[in-house]
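To start, the structure itself, in structure tokens.
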């Protein structure tokens, strides 16, 4: 099933990545390639290491081994604040918004501290509002008072404001009603169509596999399956374990 | 900067002093050198140091250099207690000097009584006379043979202040006082004496001193005093209350004929402040006293410490140490009875002039009484002595 | 899974170090005055006073720590101290209550105040709790200050008779020996109070309360779900934490002969109560005591060497201690011992 | 038929949002009762309300026939409710044995120390943690923490054990062990209410299944019944799957 | 009671609120943004007061102008203290941070004692301390008015800075969500450094004001620190507007009680802390 080939112009190239918290190691040698413009889904049970993988990629966790590079530039050892400068945006687990700031402020914060992104803030903001018209309506509302779906939109929007070429998205449908999560997925699809590579961690395996060009299945910190979205969607192991069918 | 230099010297000397032989007479001193009362303690130390230098330059005591050992009480009773016992049992001193804070002095009473060294004390002004159910320092140990008190008692302070107030011609007085063991009993005594002298006390109002947790906004108390339109504003507080009180009296447009303050000391540079103009104050010593002792003391003090002896505690400390030196030399030994006899009989030098011990209401040995006190007035940036008349350098002017 | 977990050496049969320590402490303090006297003669008088001040700090610090074990960082210990001091003084002044009754009643007064405060602040955590307790302490100080003069002396405070008057015990001995006897008597009273505090602390640590306190401190909600009653136990901690401080206030009022609002309710009492256990090591019986002895020694040593600015050195010691031994003296030593133990076990 | 836990008309508002909106259910003695539903359906909030960590806006909770709606968490624990958390919350400064001992000592009033220690050890044994009893809880792996979570709750000797996604993140083999563990616990006489995402686990374990979505009960029934229900499929898989 | 007296009490209370707010707002930055309970905040205040004094004595610089020297000096002092100590205890338990800052406070206080002595100092040659404008029997002091205006400008300026500027947004971002802040490209440590230094700067400006109003002494900061802590906590961590209201409320309440009650000035602290206590307790029992 390891049919995904590393490509020359990779958005992301991960080799033998190891990471963990404190005394616990979570990731045990992850290899992952994302081509420019590609949509990759990561699926797996809770605790399999999906979130840890994204956090390590975005610099929130220092890796213990292996290498990560984005767009040909090595990221290892960079703080999160530096990783985002290399064009990697992260929509983290729990959204990590600034609850006492307005929607607009949350979005602007995404661009304020990145000179390149600041220059394109107007354009990106317009794109975000186009993507999520709801956010324009709630521009002045405090992020802490938003509903779960709106918060998710702000989190995605904030990451987009950093003008990323690669977007890491962690469980965007968490806690969302089906209709809302559908619109979030639609937005991700549109972002991807706009040329941004996407790495999606998602418990809604169905949705994410349908969207994904390629996908990997993580179990206890290791990649156990790789394939295209549709390959995995019909894989018996995936159907049994994750689709409950 | 001078203090820093002294700190460094003390580092260097600390070791050497330890090695120096303990021959000769040692005098133990208790002063608050850290915390909120450090200013008083430092003034005392400066006075002691000047006296020490002079005494030793003049041949010392009993032919040996005199030694002083200063212990920091932190104005904390339990710390003061341990410091006193250290002086008595580790340093083996037979004479105690210094002192400040009623709390610390009260804590030392039992221990004084146990060791019964000669205690010549320049702090602890609370006599206790007139306060029901409270025994002050004079009531507790005033009658002891070995206790010598150099600072006036609270009723002396009030007596002097009242005498001054009476001769200003003021008929009404508003009394503001800080609310601790210093200003509380003091103001009660003041009210009684002022009324006895025929004046009307229009208001007696307490405030929280900046030294004891106040934030220095005295406008409420001053407004109330202003509303009584008294001829005189009489306040009792601490040194750090001088600037805010004086400024706010002006600011609130309160213009009594006389503004009279009775803090332990006055901030050095205050004279140059415009709002100091016409403020009168009670003080034990002034650098511009014209008697020769004062002139010499002020000159030598300035030479040694680089500043003026503005806190009268320096002058009292100076008098304190000289009294010991003179009495022990006169006695020819450190024998306690002989020294007590000399202290009782002797006349001692001080920047204020010659003085001796007399009985007060209870105490057997009271160094200065009402006679210590001067009233000065800030006049155009200079502190003029305006009372008692015989020492006056300028006539009293009204604030109006 | 279990292969990746480092199994610590299995626990040896519990040797009651704490109780042995208490007995050793009791024995040590029992002989300390005589030993000091034999070694230093006259100087033992002042050493005893310094030691008594250190005992006082130990009681204060250990009491604070007991409450802190439930996660409640009190800034009200000056109020417990002051409540005890004033109650004892008032009883002595107005009712001639014997001191041996007055002092425990001082402890009781502190407990009553602590219970009221504890009940009011049950829902507060962290700095909100700290500021609420500080505020309550300041209010109590003001109330005591403003009680009618005829009752509590107002701003002039009150005299308090000393427990041990030299007249009673002076025979035909030297003055310093009389002072020694008085200081020895006080030392024993303080030492007894400390032993009581230590015993209370040990009993907490040996009983189920230790686990309950730790559980409440770590996560009050989870503790509740597991059947621990946080409200009740927090109040119990308040009681244990205030009773000895209240008695200390009473004893100290007698030792220093007076109570004054500023003196008996000084914020510095509160600050020392908090600083000492952090320096020595939190949530242990030994830590606060080590902290008290350590800080007392540091301060006394510095002031004997530097007459000026010795407190700068004291501040430097505090700063360095946090930077280099974040778990306090006891934590540092404990860590070193454990590391050595591991090294030896590895051989 | 005795209902050991009965929840009636439970409502919880956070601000304007109804996180739990009129939930009622009853659990019979010795049942294994599953609560399932998408994330954000209000499952964990329901358990928080039942165990007393949250105060309900409205509704009634009865354990063994007695109303505990106004009781503190500790009182509910004493009444027979045990709780294991989704986000594992051990007391990191304590060893495993001490962690479990907290439950054993305080979960049932009036227990002697020796008795509590024996029960703590039994709970550790049952949860397969006996070998790690003296390890500090901060040194555990996620798996071990989850076992600890169960052991701690068991030590309180609950009549009803509330388990919040304790199997999430387990490998298949471990999940099988966990299923066995839960069955063992039930066989020892404890009624179990659990929240679970992994459907095979629900299938293997649950006698009854309650499906929640948006704070409301969608349907209650056997595993077979609820998985056939169109509303459930929609809630889980989205509309397109149904269509 | 005389209405003039009442109005005077209100005016005095309102003007006093400015300084309360200024001191509190600096502390709020340290607590709210960095999460450091800074026991040495009062000592920054004290250092500011002594610097203003020394600049006046040595160079004759009026405090109005020394503001512009003291402020950067305190900013630098704050930065040095953050870099040399605070930054190492960011993740340490709160109690450790308290002991550390308490130690720093002791060092600063006793250094000041060594350098300037314990006697109160005075900035004497300024002409504006006693000036008050009389309006219908009510006096408005120039210094309190100026300190109120400066405080208000600074507090509102800080509020504006936090609300509207990228730096301010950065501070709020790290305060509200460290992870989120890192993800938008903020170097959290650098933001902390600036916040702490700014906190010291604000304390320093308060210190200059106190050097005008009162006498600088080594312990001058103490009374204000306790109150500032209480105000910050009651306002809610990080709530600048709340600080303004809280400061105004307690200052006016203090002033009214001090004026209306005999010996009321001695009840100021009691009133202040009783309000703080009542608010905290009430709030805790209401939001169950």
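In order of appearance the chains are A, B, C, D and E, and numbering begins at 1 in each one.
Everything that follows uses one rule, which is that a contact is a pair of C-beta atoms (placed from the backbone, for glycine too) under 8 Å apart; a residue touches a chain by one contact, two chains touch by 3 or more.
These figures come from a predicted structure and were not determined experimentally.
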Practice prompt. Indicate the lowest number of steps between chain A and chain B, counting one step per move to a touching chain.
Written response: 2
Worksheet item: Going by the contact rule set out at the top, which chains touch both chain C and chain D?
Response: none
Item to complete: Skim through the chains and flag the pair connected by the most C-beta pairs in contact.
Response: B-E
Item to complete: Just grab the chain with the largest centre-to-centre distance to chain E, centres being mean Cα coordinates.
Response: D
Practice prompt. Report the inter-chain centroid distance for chain A and chain D in whole angstrom, where each centroid is the mean of the CA atoms.
Written response: 31
Practice prompt. List the centre-to-centre spacing of chain B and chain E in whole Å, with centres computed as mean CA coordinates.
Written response: 34
Worksheet entry | Junction residues of chain E, two or more chains touched | 110, 113-114, 226, 266, 269, 288
Fill in: Residue numbers of chain B (touch at least two other chains)
3, 7, 33-34, 179, 206, 213
Worksheet, complete the sentence: Check: chain A positions touching at least 2 other chains come out as none
Worksheet item: Name the touching chain pairs, would you?
Response: A-D, A-E, B-C, B-E, C-D, C-E
Discussion item. Which residues of chain B touch chain C once you look at their complex with the stated criterion?
Written reply: 3, 6-7, 10-11, 14, 33-34, 70, 72, 77-79, 81-82, 85-86, 88-90, 92, 102-103, 106-107, 109-111, 113-116, 126, 131-135, 140, 179-181, 183-185, 206, 212-213
Worksheet item: What part of chain E is in contact with chain B in the complex they form?
Response: 2, 4-5, 8-9, 12, 16, 57, 110, 113-127, 129-132, 134, 139, 141-144, 210, 213-215, 217-220, 222-224, 226-227, 254-255, 258-259, 262-266, 268-269
Discussion item. Which residues of chain A touch chain D once you look at their complex with the stated criterion?
Written reply: 22-24, 45-48, 145, 147-148, 173-179, 181-182, 203-204, 206-207, 219-220, 240-241, 244
Item to complete: Over in the complex, which chain C residues touch chain D? Could you list them?
Response: 1-2, 4-11, 208, 211-212, 214-215, 218-219, 221-231
Worksheet item: What does chain D use to touch chain A in their complex?
Response: 15, 17, 38-40, 138-139, 141-142, 165, 168-172, 197-200, 214, 234-235, 237-239, 241
